[in-house]
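Step one of this worksheet: look at the structure below.
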Amino acid sequence: MKVLAIARNTFRENIRDKILYNLILFALLMILSSLVLGQLTLGYEEKVIVDLGLSSISIFGTLIAIFIGIGLVYKELERRTIYALLAKPVHRWEFILGKYLGLLITLLANVVIMTAGLELTLAANGGISLENSLRLIPAVYLIFLSLAVTTAVALLFSSFSTPALSALFTFFLWVIGHFNADLLKFAQLTKAATAEFVAGVLYYVLPNISNFSVADSRSVIQSAAYFEPIRAAAVAWATCYAFLYSAILLAIATAIFLHRDFK
Amino acid sequence: MTSRSRLSAWRRWLPGIALLAAGLLVKPVQDRIDSLRPDGEVDADLIYFSSPGAVKAMALGYESLLADVYWMRAIQYYGRREEAARRQVRYKNLPALLDIVTTLDPQMLDVYRAGSIFLAEPDPIGAGQPREAIRLLDRGISQLPKEWRLLFDKGFVYFWYLHDYRSAGQTWLAAARLEGSPPWIEGLAARGLSQGGAVDAAKDLWRRELENSTRADVRNNARDHLNGIQVDEDIWTLEFFVEKYTATHNARPPTLAELVRAGFTSSVPNDPSGMPYDYYAPTGAVSLNPSSKARPITLPDDYRQIFMNRLAAWYESHQKK
Amino acid sequence: MAIIEMENLTKDFQVGFWKKHPVRALDHLTLGVESGEVFGFLGPNGAGKTTTLKILMGLIRPTEGWAHVLGEPVTSVSMRRRIGYLPENPYFYDYLTAEELLRYVGALFGMRQPALGNRVRSLLEELGLGDARKLQLRRFSKGMIQRIGLAQAMINDPEVIFLDEPMSGLDPLGRREVRQAILGLKNRGATVFFSSHILPDVEALCDRVAILNRGRLRQAGALHDILKVKIEAHEIVLAGISEEVTAGLRPLCDEVTPMGERLQLRAGRPQQVEEIISFALAHGASLVSVNPIRPSLEDYFFHEVAGAGRE
């Protein structure tokens, strides 16, 4: 399938990108260092390892999603490889989807490696039961979903903006995405109808990253740190949201793509 | 020609010299800047946000990790004694730091427990803010209502640091009602509710802490308290006997060993670190050897009174035999 | 029905920050290319050749007019399965090897193993890249890039192939290989549409040409029909000339250029040729060569542009 061919090529390009290895290395170092840091917390070693490990996976994964995501389309345009590509019997949406999936596969590989590192660190710290090690998986999965949405945002900006601006906007939206609920509450406090309306619209339009970082009024990482389960319903609905939201962004990117000239 | 070669040599060295000069200037400039800062709280522990709620909002989903970081900060803040001694108010920021930790991650049981000790202990060991300790424990209790240990700790603070025996007793009763609480809490509650600075109840408490706590620092603290009480009781007892000896022999005993020979006591104890007590015959004062490792403790006056009464009563009954 | 049809193709580009000044890159281009032709698309830089090709590949949308390839509009994705395209100054993923690139492109055409592998191998051999199969594209010379570009354009055995400056950057050996490839395509019955500056190549290969200048079609037809009208001047080279003969020859021709032992003369009009030759032979000189001076494309365009400037 053509989408998979494009995805595979994107994956190949990503794994030859040095920035990927730097970030993975850094993340693994962080996870290892948690072994040392844990000693400073007087009894919370495991919590620190999981907190630091999952936070690293989240932060470095987001950095990879942004730094590589903003180049997904831009690089093809700037390096002019896109001319030969689009002259092939490939629909524009196939191109966009292929690029997106390629980076997603890269991110998946990263997340798997880093999670393995985390589990190994826990094992080295004093062992971990199978049940507890499995309790981390839903949290990692939710982090991966947040990466999928962040990638979609980065790709959208990549299709019409320069890397610097794309990175800035994507990062900005990622940060704002944690405050969606607060934004709404704040607008409700003002009791001004227009403000509430605008805030309401923004609430649904801006990417709601807290869908992936909070479950049952608790931070997802915190639940994992205490090896407590996360409700399946929360995970399922978060998946729906990620799928829908990303699909919408990809559709917009495709539309932009369809209407532009490739001079 | 010579002047030109001299000039070019000069030019060659100039960048290097300029760099060196700039490097040497950095230190005095920095020192000047530092001297302009107000003295006193030149604290390394900046608390970036005064509102824990703001910290939590800024956490972007990483609250759990930030809680760990701030907990490490709090431990450093508390544990670095020399640094603490240099501050104007030794543990001024401790309540705020602990607030931030518990706002970020309200489930960290040990933070409430150890934090309450750090807060309640008087200066120089701790912040000397038992009310803050109570406040911290209350937050913990609202987050972890099934945790009997928090109620136990709260009662402890009431009892030992605030001398509010009624509140202590009431709190321990509430603890006793929680599932999983040990059987001896009820007895403790009863004793606490009775007035009169029952230091025996306190000694019991410290002994429980020594036996039950998994944390080394808490156990050491309990041991120190027990030893401190022991020192005071030993000194009061010895001085009491010295007085009795003086009353009967019209002269002070030359040494403490004399008390044994005169039959006032069966033995003269050493202090908990194994060192003999000092005795100054001219005044009959007994004191701790200055080089002893045991630490004295300030006990409430009413306890001394109770102890002396009990001692006197015992002595009377003993005499009558 | 022509295999490539363009009707009133017009493209305006908005230039300027607020996009206020449209620049007309193509002006009502109407052109047809027949099946099986090798068609040359000529013009100076900025004439609109690349714009035309990009419109044909669906990369740019025309402001006015339309274009069809193989009977389908140029935006049709399915039609692209039967065509090939080599962009100007191509750039491909430099982290891929030659083989990997061709396999990737083949996959985009829906080609499968083992047919894909065989095709890749033979294509690389045909274009002289057999040894560079496993070499990463970032190590390729410009000539090699041009050839791999041709390979990816040919990989699906297209019915129509579009080449934008296929000879650019190639040494004579490379140019010969490309020329042979184009002839091979023609022999297989494909239609070749390519743009170029280089007249000898165009002359050698093309059945018909179109000449574009400033976005407008100036001429279309067989090359010799277009340029033959202008062939008037001749260059004559003589040997064994003495000073007096040289002086005698000067009024007979337009220009005399001594070249060591020989003399080169330029005769602007065909009548002069005979006069010069008879005079020279009569005075004991020997004739080395007589050649018609073909107007170069540059000359032609110089003439055209100068003429167009006056319009």
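A, B and C label the chains in the order they appear, each numbered from 1.
Assume a residue touches a chain if its C-beta (ideal position, glycine included) is under 8 Å from a C-beta of that chain, and two chains touch if they have at least 3 such contacts.
Keep in mind the model is a prediction, meaning the values are calculated, not measured.
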| item | value |
| --- | --- |
| If a chain touches chain B and chain C alike, it appears here | A |
| Per-chain CA centroid nearest to the all-protein CA mean | A |
| Maximum centroid distance from chain C, chain identifier (CA atoms) | B |
| Whole-Å gap between the CA centroids of chain B and chain C | 91 |
| Cα-centroid distance, chain A relative to chain B, in whole angstrom | 46 |
| Contacting residues of chain A [partner chain C, same complex] | 2, 5-6, 9, 12-13, 16, 79-81, 83-91, 261-263 |
| Contact footprint of chain A on chain B as seen in their complex | 57, 59-65, 67-68, 71-72, 75-76, 105, 107-108, 110, 114, 214-215, 217 |
| Interfacial residue positions of chain A with respect to chain B in the complex | 37, 40-44, 47-48, 51-52, 55, 58-59, 175, 178-179, 182, 209-210, 213-214, 219-222, 225-226 |
| Chain C to chain A touching residues, read off their complex | 13, 54, 57-61, 77-81, 83, 85-87, 89-93, 95-96, 100, 104-105, 107-110, 149, 152 |
